[in-house]
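Only one structure is covered here, and it is reproduced in the block below.
Naming follows writing order (A, B, C and D), and every chain is counted from residue 1.
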Amino acid sequence: MGKVCFVLGAGAGIGGHVAKRFASDGYHAVLCRRSDEAGLSALVGEIQEAGGQASGYLLNAAEADTIEARIASTERDIGPIDTVIYNLGAQIGDRALADTSYKAFEMGWRLATFGLFRVASAVLPAMVARGQGNLIVTSATAAVRGNSGQHSHAAAMGGRRMLCQTLNAEFASQGIHVAHVIIDGAVDAPDTLGKMLGPERFARLRETRGMEHDGLILPEKIAETYYHLAQQHRSAWTFELDMRAFTDRSWWNH
Amino acid sequence: MGKVCFVLGAGAGIGGHVAKRFASDGYHAVLCRRSDEAGLSALVGEIQEAGGQASGYLLNAAEADTIEARIASTERDIGPIDTVIYNLGAQIGDRALADTSYKAFEMGWRLATFGLFRVASAVLPAMVARGQGNLIVTSATAAVRGNSGQHSHAAAMGGRRMLCQTLNAEFASQGIHVAHVIIDGAVDAPDTLGKMLGPERFARLRETRGMEHDGLILPEKIAETYYHLAQQHRSAWTFELDMRAFTDRSWWNH
Amino acid sequence: MGKVCFVLGAGAGIGGHVAKRFASDGYHAVLCRRSDEAGLSALVGEIQEAGGQASGYLLNAAEADTIEARIASTERDIGPIDTVIYNLGAQIGDRALADTSYKAFEMGWRLATFGLFRVASAVLPAMVARGQGNLIVTSATAAVRGNSGQHSHAAAMGGRRMLCQTLNAEFASQGIHVAHVIIDGAVDAPDTLGKMLGPERFARLRETRGMEHDGLILPEKIAETYYHLAQQHRSAWTFELDMRAFTDRSWWNH
Amino acid sequence: MGKVCFVLGAGAGIGGHVAKRFASDGYHAVLCRRSDEAGLSALVGEIQEAGGQASGYLLNAAEADTIEARIASTERDIGPIDTVIYNLGAQIGDRALADTSYKAFEMGWRLATFGLFRVASAVLPAMVARGQGNLIVTSATAAVRGNSGQHSHAAAMGGRRMLCQTLNAEFASQGIHVAHVIIDGAVDAPDTLGKMLGPERFARLRETRGMEHDGLILPEKIAETYYHLAQQHRSAWTFELDMRAFTDRSWWNH
């Protein structure tokens, strides 16, 4: 059995492209996403047609035991998980405090913070037993600064970042590489940005800022860096890095 | 009716001393804590004997509607809340990931992050209507770095810090002063540190590091800075500051 | 002999107001500035008329031995320096890299970083011998993020912040309180902002954003917090805090 | 003419290995270092024997016009500089403030901060004219926290980090990729760590922590990440990342 790359949040953006990148180098890519069975099958099919190995599963990370069961069955039926890509987001757009329900606030935590804790609890014991493994976490600007209207998202992402640090502090010396990647800009992703903006605005944005102009982050380029992180030698591991398009301002600049 | 200072987490450490400090300058101090009715009565009594105004309530912040109801009744029966001190902690000591249950992880979030969101949702509309108010949040080193064994605490505090930033971003220009205070060291507090260590170890620690040696942070001195924050002119507000004993190393130093 | 508060950079903004604040509580204020003897005399006179003690000196901090000699003569002739306010700025406005000369870059460092190193080297041995002292350093947003056009200023302030941390790491346990204050907004100061904008634009800005609207930071309010820092008990010292007007965005927000 | 990778600080550690890595993929490596002509020749020879292109120069970065002249002659005689590796350090070991001379403090700035400013001023106009280029800067833990005894080093590195941010803010949108790499641990480098420790202690350290145990950062592994940074697509650039051995604690952890 070869190495497995387990992707939670495998849509048409970062998650799907990371799955393809790892599969292109021999990993068996396990793609999990909440909905859109057709989109999932298409991704799996693409990888297989290119000669790679992939499996796809629908999985609701907000429900109990879904993540845990899928990790267990992957380890049992497909192979030892070498790399987990935690790519679940919790961005719901800007909302004033008065428009942010308790439920929305809790859902942010459940997907962005607690879900990662569940993944770590489920997969790290096996990785530790094998003395190696990668846990690469997609994160966002909201993990390092709380902007107006981001109550749910920033609280969830701030928690996620600190959790990544505690996981790294406990597990790095046991051979587990935890990496926290701050995606500091809009990603050219139809499943997330596309849905938030709607098809017309998304198409316009891609034309004006994306593609030739490189003003949107291309997810296949992010995938190259995720792959690099997973290949770093353990004497020279990166815990945190940021990524943005060259035309974008860094989060700390005005 | 005078100004009200509403303290959530009013034990014998920071919370109680802050309540006393505000009461000594004419605020009506509302002290809320989960348990120890005798301790609560003693604090209230102390303030009243010194000529101040105080009310005390037992309140379980992990339960639904407890915080919201107490804020509403305070505004209705005691007076407009000028300052909220959010002083609920979620430190459970260092625990390996394997020893951190889902329940413990969730409880950290519920007390340290979600509770603050509930307070903000309940109290800020009234403060905004009055064009002023202070929300001073006790925080911890774990809000800025995740150490080994701090999975629950760091995730909760990291979320708290980002939430404070989002609240500040939305409400500062409406006259609300949000302050995030990083308590970066052990506080001379029998209710928290004392319970964690047990009476003997706590007594020994106080003798060797505390008192004359000032190696523990004295909560009455923290209270002076909280009071200063609440008095800062709105042209010169502080959002974040750190506090530690002069003998302690800053969190970023080795 | 009473306590001395030694202010380097004592113009009509932060420095002058801090000097007044300390003098109003019995400190002998020593005011040093590069130029404008009339302005300096006026400040000293104001303090003395209010019943306080003050001395004023012109001092070019870019020249060798000027700072060191003034500290030595102050200790010898006026009294032991309890508090140093390091208030020298190095803001020269936004300049593209091509418009930033080697000389301008070096001058930024000389005033904002090296000057502080010289002050620390000159004054800390005496403070350590007395077991106490405060070194309060005015800093700027540029100490924590480098914006376009701020090459000289940001490099100088970034160095200043790290220098403050090293001083704190070595001297806190010896009783010296080092504080790094991030002034994150425009200060209502005729000597600095006023000169940069010119009298007309400065007057307009004050009318639209300052005074009633509190959109400029009032230096006399900053002075209150500097004074509070100098009075903090050594069991509860603050190393870093930020300050801005309530209408201003924090540096990390967009 | 192929692409040129210009390495300032090309010793037997990071600089030399980065030069080799770029040369192995077709870059002409220009190696500059202050001293040890024999060591320099050996590095250049190694690259050439492996089929790569390399040139070596002795260069004292503390002297006027040395950097500028070498950049100009490289552009003129060897080819357009695609990537600059700024790898000059300024670590002089831990020294108390009293043992840190003005000269040592200034030298830290001159090598670690001002040198980078000179490089940027000299090379960026040509890169901007070509619409592309990489400026990869080796940095250190001291850029993000000032430890006791690091007065010169931390001030210099803190300035360097902010300068990198200002360069990025001005030049990213013009196609220049600035990257600030925080080397957060000891590097297995005879020229720097080896000299600081002496041959015996360095040999012992390598045996106990390095090699099989990966407790020292292997510079050839750092080189892989530098190379990856230079290859990142401009829609997905990283400005900052940290690196350390898996057995090392992150700078923010205790």
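Operating definition for what follows: a residue touches a chain if its C-beta (ideal position, glycine included) is under 8 Å from a C-beta of that chain, and two chains touch if they have at least 3 such contacts.
Quick caveat: nothing in here was measured; it's all calculated off a predicted structure.
Chains compared, subunit C against subunit D: the Cα-based superposition rotates one onto the other by 180 degrees, nearest 5. Taking each chain's centre as the mean of its CA atoms, C is the chain most distant from subunit A.
Distance from the subunit A centre to the subunit B centre is 34 Å, each centre being the mean of its Cα atoms. Spacing of subunit B relative to subunit C, judged by their CA centroids, is 31 angstrom. For the pair subunit B and subunit D, the distance between mean C-alpha positions equals 45 Å.
The multi-chain contact residues of subunit C, meaning those touching 2 or more other chains, are 145-148, 165, 168-169, 252-253. If each chain is drawn as a node and touching chains are joined, the picture has every node linked to every other.
Residues 165, 168-169, 172-173, 175, 177, 188, 214-218, 221-222, 224-225, 228, 231-250, 252-253 of subunit C are the ones that touch subunit B when the two sit in their complex. Every residue of subunit C that touches subunit D in the complex is listed here, in rising order: 96-98, 100, 102, 105-106, 109, 113-114, 117-118, 120-121, 124-125, 142-143, 145-151, 154-171. Of all residues in subunit B, only 144-148, 251-254 touch subunit D in the complex they form.
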